[in-house]
């Protein structure tokens, strides 16, 4: 009885493993079929997690039209995206920030596929609705420590910022803080949009900055210099805090990659961009 | 001065409270997750593709990716772990070599998963990129395999040690070679114990996140080969809750957490059943 | 091939399997040191380890706050988790009726199996919010405003304490159960009560095992990543209160790895070196303690 059960179990285990291997070990395959467009192949996109959701949406629509092109989207972060594009690990590197000095020297081709506003968000209970850019700067550098200094209640401010290296932080730092100022050393640091939002939702005194596409009714975006953060104000330049979403390529892209970039920049692609972010055309 | 009897009573009560606090903590954590996540579960949630970065739709590809990743990791780690355990129990007496191997295994067990992640990233993803295709199931599985190796070695060793010496002596006395003895006598008797160890390490593989963030890629697409990037349920839970952060995304994250907890519960129960039979048999 | 040669081949294969752990440790060390050492050389070991400021985008790399932070949350977790864990282990080994332990033990196992991300979510939404409420309602006049945000050494310690419970319970219970029955019987026969027997005879006899449990729990707390970054606040400042937000070494790597570039990546690998060295020292201490414990019994 026992041996029977034992062997049955062993057989089961082997079967499970075998099935998994059979399913999992196909090996990398090249697609050879041709379709109307005459383009086939695999495109690998790697990089910024801020760009990733947009890329996934774009790929879903793209593959409906170009069934012979497979596009793999993965994260890793902006810097990983730049490195991946430079080393050829990925056909497309995705970055949610401008390239820095060292990266500029790689000679990558930058394609701006979208823009993203960065909203300054506070708790919905906070009665502050409008801040000047200077006030925003002083809050995030720790000079202004209480909401009553900017017309709010007598409550200490909880500053929440992104981690060093983040594209959102980099853009915010450049535009709001300027060259020399540093973020408040006592600031809470989180490495994701979700964590910053959760912090702002649960703490009535909190302030943070997140991608405009992630703002919803759970938090309140404040006006900066009297301008509301929105797609229109970013496009017409009146809302100052924004950043580009970049696709990076090294040298001449292959046919499949080129078709994908063209699709992204097409009217249809930009319409998908417009659902959450700001189109470039 | 408290009397002996009173102190006995106080101590006993305190220990009962301790035991129940542990259970209470579990109920609190699990209750909270199930409360937030149970209502998200549905057939569609399990079988649909995620949309909008996981804030809509289901988690189908992450379930498949979790199964592939787990199977691949075990496939790599189990032979090595069991082999190492056989070597340690059957071939060596305490010596310099054994001490070195043991120190290595213990050291490996203590290394934080984020350090495994750094290693996997530098070695499998970057250096071996031509072979592993960078972030991929195979890069993740190789990293994961190194992480569970110590557990596998230890549990297999324990299973092998429970096989009575008389079995080995009997086999050797009948003229079997050492390897025949191991293959035909020792391994079959230790098998349920080894399988229990393997099943328990599934738990660790499924729950791992930090190391996979740097090695597995995180693609939401259904992986078609071991060279494709993938996203396991644990990664998905973290990424959906943290990167997206909308209310519906958080709900989906708790739904994923619920699936994970149920999976772990089933795995633990299966492992316990096997272990129980094994103990009943060997005593 | 004759069977003797075959036997030799099998033995070699097994030997190699056994050495893979050792090789992996060497590889891990090798890779992390290769990637991280250049930046330590550039910054200077002392400045890197004792520097109080971390501003990687401006090339300032000092990780003292993270080293202090790591030890603060780890000791916090041990202070909260070890007494509860050891008490639960004693309860399971000595007092719990089978009906109860049948319920508690799977609970402990399940606790061990829950992914750390889930603990992080729980900590972020439940523990931090509760703590923030307490800080602002009852401690508002005592604490500095920066310490009234929920994110803290304390909340990280609470979550880590829960996470190390299974390790502490399982290993302590094994240690207590392995105390020979005669010890207990002799003590009871001499008229000692259950409790006297436990704390005068059983706990001392099991002490090396319990210490091993504490050391392993410590290793787990030191190495935990995802749950900690979700609750600790990750501020780069040396914590001077249990209510201060804090960043750990593991957190430093996990938070910034995604977007780091150039020297920043190297500095994160260098953080890995420090973590690696701390863990290796801990392992060496543990195996030394283990040997001493084994020598005693």
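The chains carry the letters A, B and C, assigned in the order they are written, with residues numbered from 1 in each.
The rule we apply is simple: a contact is a pair of C-beta atoms (placed from the backbone, for glycine too) under 8 Å apart; a residue touches a chain by one contact, two chains touch by 3 or more.
Small disclaimer: the values here were computed from a predicted structure and weren't measured.
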TODO: Determine the set of chains touching subunit B that also touch subunit C.
DONE: A
Task: Identity of the chain that, by mean CA position, is farthest from subunit B - done: A
TODO: Just give me the whole-number Å value for how far the CA centre of subunit B lies from that of subunit C.
DONE: 18
Task: Inter-chain centre distance, subunit A versus subunit B - centres from mean C-alpha coordinates, in Å - done: 31
Open item on the list: Which positions in subunit A are in touch with at least two other chains?
Closed with: 49, 75-76, 191, 195, 198
Task: Junction residues of subunit B, two or more chains touched - done: 241-242
TODO: Could you tell me which residues belong to subunit C and also touch two or more other chains?
DONE: 125, 230, 254, 257-258
- [ ] Could you pull out which subunit B residues touch subunit A in their complex?
- [x] 51-53, 67-68, 71-72, 74-75, 129, 133-135, 137, 188, 191-192, 195, 198, 217-221, 223-229, 239, 241-247, 249-250, 274, 277, 281
Task: Residue ranges of subunit B touching subunit C (in the complex, touch as defined) - done: 4-5, 7-8, 11-12, 14-16, 18-19, 21-23, 25-26, 28-30, 32-33, 79-84, 86-88, 91, 100-101, 103-108, 110-119, 121-123, 146, 149-150, 153, 177-179, 203, 206-210, 213-214, 234, 237-238, 241-242, 253-254, 257, 260-261, 264-265, 267-269, 272
Task: Parts of subunit A lying in touch with subunit C, wherever the complex brings them together - done: 48-49, 75-80, 82-83, 100, 102-103, 145, 156, 158, 163-167, 170, 173, 182, 185-191, 195, 198-199, 202-203, 206
Task: Parts of subunit C lying in touch with subunit B, wherever the complex brings them together - done: 3, 6-7, 10-11, 13-25, 27-28, 31-32, 34-35, 83-85, 87-88, 90-92, 94-96, 100, 103-104, 106-122, 125-126, 162, 165, 169, 193-196, 198-199, 219, 222-226, 230, 250, 253-254, 257-258, 268-269, 272, 275-276, 279-280, 282-283, 286-287
- [ ] Would you mind writing out the residues of subunit C in touch with subunit A in their complex?
- [x] 54-58, 124-125, 128-129, 132, 145-146, 148-151, 229-230, 233-237, 245, 247, 254-262, 264-265
